[in-house]
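Presented below is the structure to which this report refers.
Order as written gives the chain letters A, B and C; numbering starts at 1 within each chain.
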Amino acid sequence: MRRKLPQIIVAAVGLIMFLVYFSGHPTAQRVNQTILVDYWQIIFAFTLIVGVIGFARSNLQQIQRGDGRFFRIVSLVGLVSMPILALIGGINAGSPFVWMFDHVQAPMQATVFALLAFFVASAALRGFRARSVPAAILLLAATITLLARSDVGGATIAWLPETAEWIRAHPSMAARRAILIGIGLGSLTTSLRILIGIERTWLGSER
Amino acid sequence: MLVPLTAWIEPDRLPILIAAIIATAIVLYTTYHRRSRDRYRMRPIQGLQAVEDAIGRATEMARPLLFTPGWGGDIQRPTTIAALNILSHVAEKTSRYDCRLLFPTHDPVIMSVAQEVGREAYIRTGHSDRFQADDFAYVSSSQFGYAAAVEGMIARENPASVFLLGTFEAESLILAEVGNASGAIQIAGTDSTIQLAFFIVACDYTLIGEELFAASAYLSQDPAILASVRAQDIMKVLIVIAILTLLIIASTVGWPLESLSAP
Amino acid sequence: MNSALSRRLAFAGLFIAVTVAMLIPSEGDVRVAPETRQLYEWIDSIPPGSQVIVSFDHEASALPEIRPLALALLRHCFERDLVPIGVSLLAEGTGIGFALMDQTADEYDKTYGEDYAFLGFKPQFIAAILSMGESIPATYPEDYLGTPIDSLPAMVGVTTYDDVVGVLSIADGSMTTHWVEYGEARFGVPIAGAVTAAMITSYDPYLASGQMVALMGGLRGAAEYEQLIGIGGGGSRGLLAQSVSHLYVLAMIIIGNLLWWRARRRKGKESV
């Protein structure tokens, strides 16, 4: 029953959602609105509770075990302090909550995002080799695109931007579309496998 | 009182409905048609063949294995479900070899489902005592909070193998490069076309788009699931035929589907 | 050279190159890409007084790239006397979006509630997009500041997507895709995107198929747009640093290949 009931719910809701997508009838639209907007929002609120409890429990257990104690304490302090700041000072401009967001969270996130530039450089140094003819063609395409996207290339060599745009609009897009079609079909068959119940791994344990 | 069909079906979506019905019929036919179910074999997928090696390596080195489904997906995304199917297979192996499995995620629901999938795999092999629920952890909903947490986990826990399977966004290269720097063997797979390029450069094996969805068929060898992958190939052939036919018609007598054209 | 050392040298080189480039003032015209011009022309063609949804679908992390894009677009909207209605599909985009609208509105002497409005954040982006398609007042009974939206002149006549000219999604990830897949596909609302450079090619198929009306990306897109509206900003300033980083990556690719060829030749000689 533990696996049957979710399977029945998935099949029923999946079928309803499939059908209402194709209908403009007010009744169908109301069903769509109720499931997607109202139910979804309610479920989302509960998932946040699951997340907070799971996060706190996991970190507390690992503190007890002595795994990365310092980092876990910092995480828990962050988890507790932001709601407290929001409760005390509100979340409007100028509040301590917004100050923490602007001066702690935003710079930290921007720092991690900025790491990407460094990793692009190291990946370029290590991984991008002209090992074969197709790899060499790929390398040439990358060179043209990089030069065209930089001011220097765009300003000095007239044909570079057009060539880069051609690469992006034709070979690159053709490959991307082919992969997207494959992904679309893969998503479709995976979804159908779930709806008809032959894919049940996600349901987890019977016990 | 009879209600006209047009009141229920939006005419604009009729072509999509017809395509969806044809696709569904093909999947159902190949899946349930007994004779066809037993015939299919899948071509070897290098990335999935390497799963066994990656788990074996982690076991031999007595180091954990890290599996993360990326920041871009939630539980209703087929890609996430496909990743969880692979997780089930991986968890089964790690439970047998008593290898620690770390599963950081950005979504509390994915965490709960992954815990269930992991627990089920450990029970299946009779090693439920080895299952550590808190290793399947929700770390942060924020993209770079999640990236920083997983990056830190890779740096501290030093996993021997890293599985990056799911929907990834800008965090993909950060995780793949940190994994590479730590010397881990890396198997990646995603439906985000833009991140595939990063994975191909930085990881040892990459499952490209649909290969990720075919993984559960490949790993389970379940005839019904294999047959549904066959349906995917049939649809692909039909799409290619449609594209070629329309191409020939368009270049000889002009574009026949004006209403579907891009402006 | 071992890989850890070469990685560190690559990191240090990039840091120095970008820092130096940031200190040098960037001058001169940039070549405007067709897709940026397309976005400019789309906004330029909207009749004054029309409402347009501006969706801040990003987190704080991408702010250095997102901010110039958003400012250039908002400036153009206000210059054309359009009425931007701000929303956000990601919680972190809310405060940033409101601050950016506030800043640009001040530059053009626009009044909150009359010339623009900000409705704020709704969780579960797909549900939010679909819900707005059914009813914007039902999805957002109040604006970001807690004012009932039926009392805002900027919101007069806005009930669904049919009442706005389109959605301008400013995003650092795949959020614009959801606007296309649910907003455009289901309700037919025109979608335009301003996205980070790393994401721009993933939207090409949507632009080519007509599912998006326009698209621009990255600091380069912002610099091009700044040139079109004739107002300088962060895009132009950051362009040199971005160009230098592109060239640096190119240099890394060349050096990496040279090292690899040398190692291969050496290996070949040893085996002989």
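Methods note: a residue touches a chain if its C-beta (ideal position, glycine included) is under 8 Å from a C-beta of that chain, and two chains touch if they have at least 3 such contacts.
These numbers were taken from a predicted model, which means no experiment stands behind them.
**Student:** Would you kindly say which chain has the C-alpha centre located farthest from the C-alpha centre of chain A?
**Tutor:** C
**Student:** So which chain ends up in the middle if you average the CA atoms?
**Tutor:** That would be chain A.
**Student:** In terms of C-beta pairs in contact, which of A-C and A-B ranks higher?
**Tutor:** A-B
**Student:** Between chain B and chain C, tell me the centre distance in angstrom, where each centre is the average of that chain's C-alpha atoms.
**Tutor:** Chain B and chain C have C-alpha centres separated by 28 Å.
**Student:** If you average the Cα atoms of chain A and of chain C to get two centres, how far apart are those centres in Å?
**Tutor:** Their C-alpha centroids are separated by 17 Å.
**Student:** Taking each chain's centre as its mean C-alpha position, how far apart are chain A and chain B in Å?
**Tutor:** 13
**Student:** I need the residues of chain C touching at least two other chains; which ones are they?
**Tutor:** If we look for residues of chain C contacting two or more partner chains, we find 3, 7, 59, 61-62, 92, 198, 201-202, 208.
**Student:** Hey, what residues on chain B touch two or more of the other chains?
**Tutor:** Counting only residues that touch two or more other chains, chain B contributes 142-144, 170, 193.
**Student:** For chain A, jot down the residues that touch at least 2 other chains.
**Tutor:** 21, 105, 109-110, 112-113, 116, 120, 122, 124, 126-128, 176, 180
**Student:** Give the list of chain C residues in touch with chain B in this complex.
**Tutor:** 3-4, 7, 59, 61-62, 92, 172-174, 196, 198-199, 201-202, 208-210
**Student:** Of all residues in chain A, which touch chain C in the complex?
**Tutor:** Within the complex, chain A touches chain C at residues 21, 29, 32-33, 36-37, 40-41, 44, 93, 98, 101-102, 105-106, 109-110, 112-113, 116-118, 120-122, 124-130, 139, 142-143, 146-147, 149-152, 154-155, 161, 165, 168-169, 172-173, 176-177, 180.
**Student:** Which part of chain B faces chain A closely enough to touch in the complex?
**Tutor:** 7-10, 13-14, 16-17, 20, 23-24, 27-28, 31, 78-79, 81-82, 84-85, 88, 107-109, 111-113, 115-117, 119-120, 123, 134, 137-139, 141-145, 147-148, 151-152, 156, 170, 173-174, 176-178, 180, 191, 193, 196, 198, 201-202, 208-210, 212-214, 216, 222, 224-225, 228-229, 231-232, 235-236, 239
**Student:** Considering the complex alone, what residue numbers of chain A touch chain B?
**Tutor:** Listed in rising order, the residues of chain A that touch chain B are 18, 21-25, 28, 47-48, 50-51, 54-55, 57-58, 61-62, 68, 71, 105, 108-110, 112-113, 115-116, 119-120, 122-124, 126-128, 176, 179-183, 185-194, 196, 198-199, 201-207.
**Student:** Could you pull out which chain B residues touch chain C in their complex?
**Tutor:** My answer: residues 72, 142-144, 169-170, 181, 192-194, 261-263.
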